[in-house]
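Letters are used for the chains, namely A, B, C and D, taken in the order the chains are written, and counting of residues starts over at 1 for each.
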Amino acid sequence: MIPLSWYLIFAAALFSIGLFGVLARKNAVAILLGVELMLNAVNVNLVAFWRYRAPNMIAGQAFAIMIFAVAAAEVAVGLSLFISIYRRRKTVVANEIDLMKW
Amino acid sequence: MPGDWLYIGLFLLIVAIFPGVPILIAAFLAPRKPHPLKNQTYECGIETHGDTWVQFKAQYYIFALVFLVFDVELVFLFPWAVAFNQLSLFGVAAGVIFVLILFVELMIAWRKGLLEWV
Amino acid sequence: MNDFLEFVKDPVNGIANWIFGLLTGWGMAPDLAGGLLKLVGAGVMCLFGLMLVIVLIWLERKLYARIQDRLGPNRVGWWGILQTFPDMVKIFTKEYITPKGADIVPYNLAPILAVSGVLAVWAVLPLSSTIYGADLNVGVLYIVGVGAIGSLGIILAGWASNNKYALVGAFRAVSQMVSYEVPMVLALLVPVLLARTMGVNSIVHAQSVWFILVAPLAALMFMLTSQAEVGRAPFDLLEAESEIVAGFQVEYSGLKFGMFFVGEFLHAFTISLLTATLFLGGWRGPWAQEWPILGVFYLFLKAAAVYFLVVLMRIALPRFRIDQMLNFNWKVLTPLALVVLMVTALVEKILFDANITLQSAPLGYVLVHLAINALIFAGYLWLALSNQKQREIPVVGKPRPTAVPPKP
Amino acid sequence: MTLLQFVFLVIAAVTLLSAALVVSSRNLVHAALWLIVSLFGVAVLYALLDAGFLAVVQVVVYIGAIAILFVLVVMLSPVAPKDNRSQVDARWWLPGVLSVLLFGGLVWMLSLWQGFTSEVPPVADANQLLVQLGSELVSPNAYVLPFELASVLLVAAMIGAIWVAWERK
């Protein structure tokens, strides 16, 4: 059988890859892609902990579902901001969106 | 239950392979005579002008956005519908209020004119 | 003799058990033999689905021709029934033309996805009480999920072709397929609610009265929206020939184009099967429980009836404009579906508390639900018609006679 | 090695590989498509964890809606596909080192925990789980408040997002 550690190591790796994407990519959409990976890693952790540590309580699955909702909201707002910024400033590079940086 | 998921996994594998095989077979049967004119993009016979990936209306995006929100919320309702026999009146009401919020949301979007195709 | 009768009642499982016995008899581990059997079953199911398309294409061409007062295919085989085979030979020997600047991997992946997204639905379809692939307890959501993969294939096709028409087709596909998924999921929630389960086979088991009688509005909405998901007339905006050449498939040739074609026909029949399964009682019928092979016959009979309607809609109705299509979805179907879901849930709860269920008092149960559905529909019609009067249609240009007699 | 372990390793490898391609490919559409592969792998892992409902929800929500939204936005902005400049920062090694450190630290910390290698306990029938989930989501003693709040949150997000993205004339 698969031990819990495999899932946890997998989730940690996925989270780290997502973090790299968020920190290193220039494009704003690519940063959002990285955030999606990180959220998924968290979800894998939640479900794995539910399955291995508390299979009688449904909390892990319920939390995972809430994260789906949060991820959807985040994507909706983030991509809208991206479209709006692109329309005004004709750029997608996060470093060049510096109107608030003085 | 794991048996069912095994079947689904096998089925998805087969489903990906089956349409691919005839395409590959046809690649061997078919003639291959490429020609620069033949491989041009077909746009009503005239030569293609400008780049394909031009900017499109954000309207398409807005409909996809409304869909995303609806889709996520509707998925929440499936376990509610399955557990219907075990629910108290409060539980059923909670689900109905959930749908009502969706309905109000749709009405807001409608009244603000967000659902118009312009 | 008795064994033979058992075999005739359920030949599929009979053969499966025979092979299983044979394999384990040769010393194969039961797990491995079971897995192998599942693989073979999945393969046979897929092959059956794809072979069915050969018949469907002929059937649809024949129907099309009859309605347009033509004969249709009538040369190859009896009534042209073998017409599809020469067509297959032809399409197999057509050259693949890959347009300049296409994104190769997504371009080649798209036709495969378009077929597999449809074919994957067959994994959870129960053909009869004992002949089914997987009785997944989340079957209905699974159907919605694999449908999304199909629309992904179309988006990929449009994007990867490096063609403006294809890209417009892909955008239309997104706005159409994605929009119509909302009322479709809502309509699917109603049978799930009535049967208290998401398993497709369990929903069939729960239909001691066909759900079309309990939830006629949901059934109607499911039929309409799944027609839009297929993307055929009157919802064929994504491949409208007269507007955007052929939409997302304009740059495809040979069998890659053929796969989109196969996917479309298979999808049309699959939604008929789904409608029959979820709303028309699936394999249920006289003696279907004792004679599982009869269930397959009943299911396909019902599906054929629905398919006839689907084809009729395609032939008889003109294409929507894109704003009409979206208005119909967001301003007609979705609010109606939301109201139907809310009211059905409340009524169901009241009836359940009063101990009136499909099992205990079928007649009263069905009548109450029918009355509620009729009430919602009447109220909706009244609202729609009273709003109709206030709306005025903007005049784009004055009509003028095409031929004006010359002034003397 | 059992069949399940083999399936897990293959799926994990595919998922991590495509995740790496998500953060490294130059063409944004390709990055979004790799994201779909990665999300599908995660869905398979949910199925392996006996969370069948979450597996299909992952496909419906992430692949059917979120990923399509991503692909659509990338297609809407014309610069993305033909921008062949490097898509990562000049100082990409700094986040790289940080990520590797984070991964190492997480694994090290988890390995100190005695539950790290727990074996899988038996779980209730899948249908029962679904019923339990459904009734707890709307039960006043459990998650009814987050349930309704999620709905309100999504409404607010949708209206805000449309307001931001709307093309004003």
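Assume a contact is a pair of C-beta atoms (placed from the backbone, for glycine too) under 8 Å apart; a residue touches a chain by one contact, two chains touch by 3 or more.
Computed from a prediction, not measured in an experiment: that's the story for all the values here.
Peer 1: Which chain would you call central, comparing Cα centres to the global Cα centre?
Peer 2: Chain nearest the centroid of all protein C-alpha atoms: B.
Peer 1: Please work out which of B-C and B-D is bridged by more C-beta pairs in contact, and write that pair.
Peer 2: Looking at B-C and B-D side by side, B-C shows more C-beta contacts.
Peer 1: Using mean C-alpha positions as chain centres, tell me how far chain B is from chain D in Å, no decimals.
Peer 2: Computed from C-alpha means, the inter-chain centre distance equals 17 Å.
Peer 1: So what's the Cα centroid distance for chain A and chain C, whole Å?
Peer 2: 34
Peer 1: Mind checking the centre-to-centre distance between chain C and chain D? Centres are C-alpha means, answer in whole Å.
Peer 2: The separation of the two C-alpha centroids amounts to 29 Å.
Peer 1: Of all the residues in chain A, which ones touch at least 2 other chains?
Peer 2: Residue numbers touching two or more other chains: 65, 68-69, 72-73, 75-76, 79-80, 83, 87.
Peer 1: Counting only residues that touch at least two other chains, what does the list for chain B look like?
Peer 2: 1, 5, 8, 53-54, 56, 58-61, 64-69, 71-73, 75-76, 78, 81-84, 87, 92, 95, 102
Peer 1: By residue number and range, which residues of chain D touch two or more other chains?
Peer 2: 50, 52-53, 57, 60-61, 64-66, 68-69, 72-73, 75-77, 80, 126-127, 130, 132-133, 137, 150, 154, 157-158, 161-162, 165, 167
Peer 1: Going by the touch definition at the top, which pairs of chains touch each other?
Peer 2: A-B, A-D, B-C, B-D, C-D
Peer 1: Which bits of chain D are touching chain B when the two form their complex?
Peer 2: Listed in rising order, the residues of chain D that touch chain B are 7, 44, 47, 50, 52-53, 57, 60-61, 64-66, 68-69, 72-73, 75-78, 80-82, 125-127, 130-135, 137-140, 144, 147-148, 150-152, 154-155, 157-159, 161-162, 165-167.
Peer 1: Name, in rising order, each residue of chain B that touches chain C in their complex.
Peer 2: Touching chain C: residues 1, 3-8, 10-12, 14-16, 18-20, 22-23, 25-27, 29-34, 36, 38-44, 48, 52-54, 56, 59-60, 63-64, 66-67, 70-71, 74-75, 77-78, 81-85, 87, 89, 92, 95-96, 99-100, 102-103, 106-107, 110, 115-117 of chain B.
Peer 1: Please name which positions on chain A make contact with chain D in the complex.
Peer 2: 1-10, 12-21, 23-27, 29-30, 32-34, 36-37, 40, 43-44, 47-48, 50-53, 55-56, 58, 61-62, 64-66, 68-77, 79-84, 86-87, 92, 95
Peer 1: Per the contact definition, I'd like the list of chain A residues that touch chain B in the complex.
Peer 2: Chain A reaches chain B through residues 65, 68-69, 72-73, 75-76, 79-80, 83, 87.
Peer 1: Give every residue of chain B touching chain A within the complex, in rising order.
Peer 2: By the definition above, chain B touches chain A via 58, 61, 65, 68-69, 72-73, 75-76.
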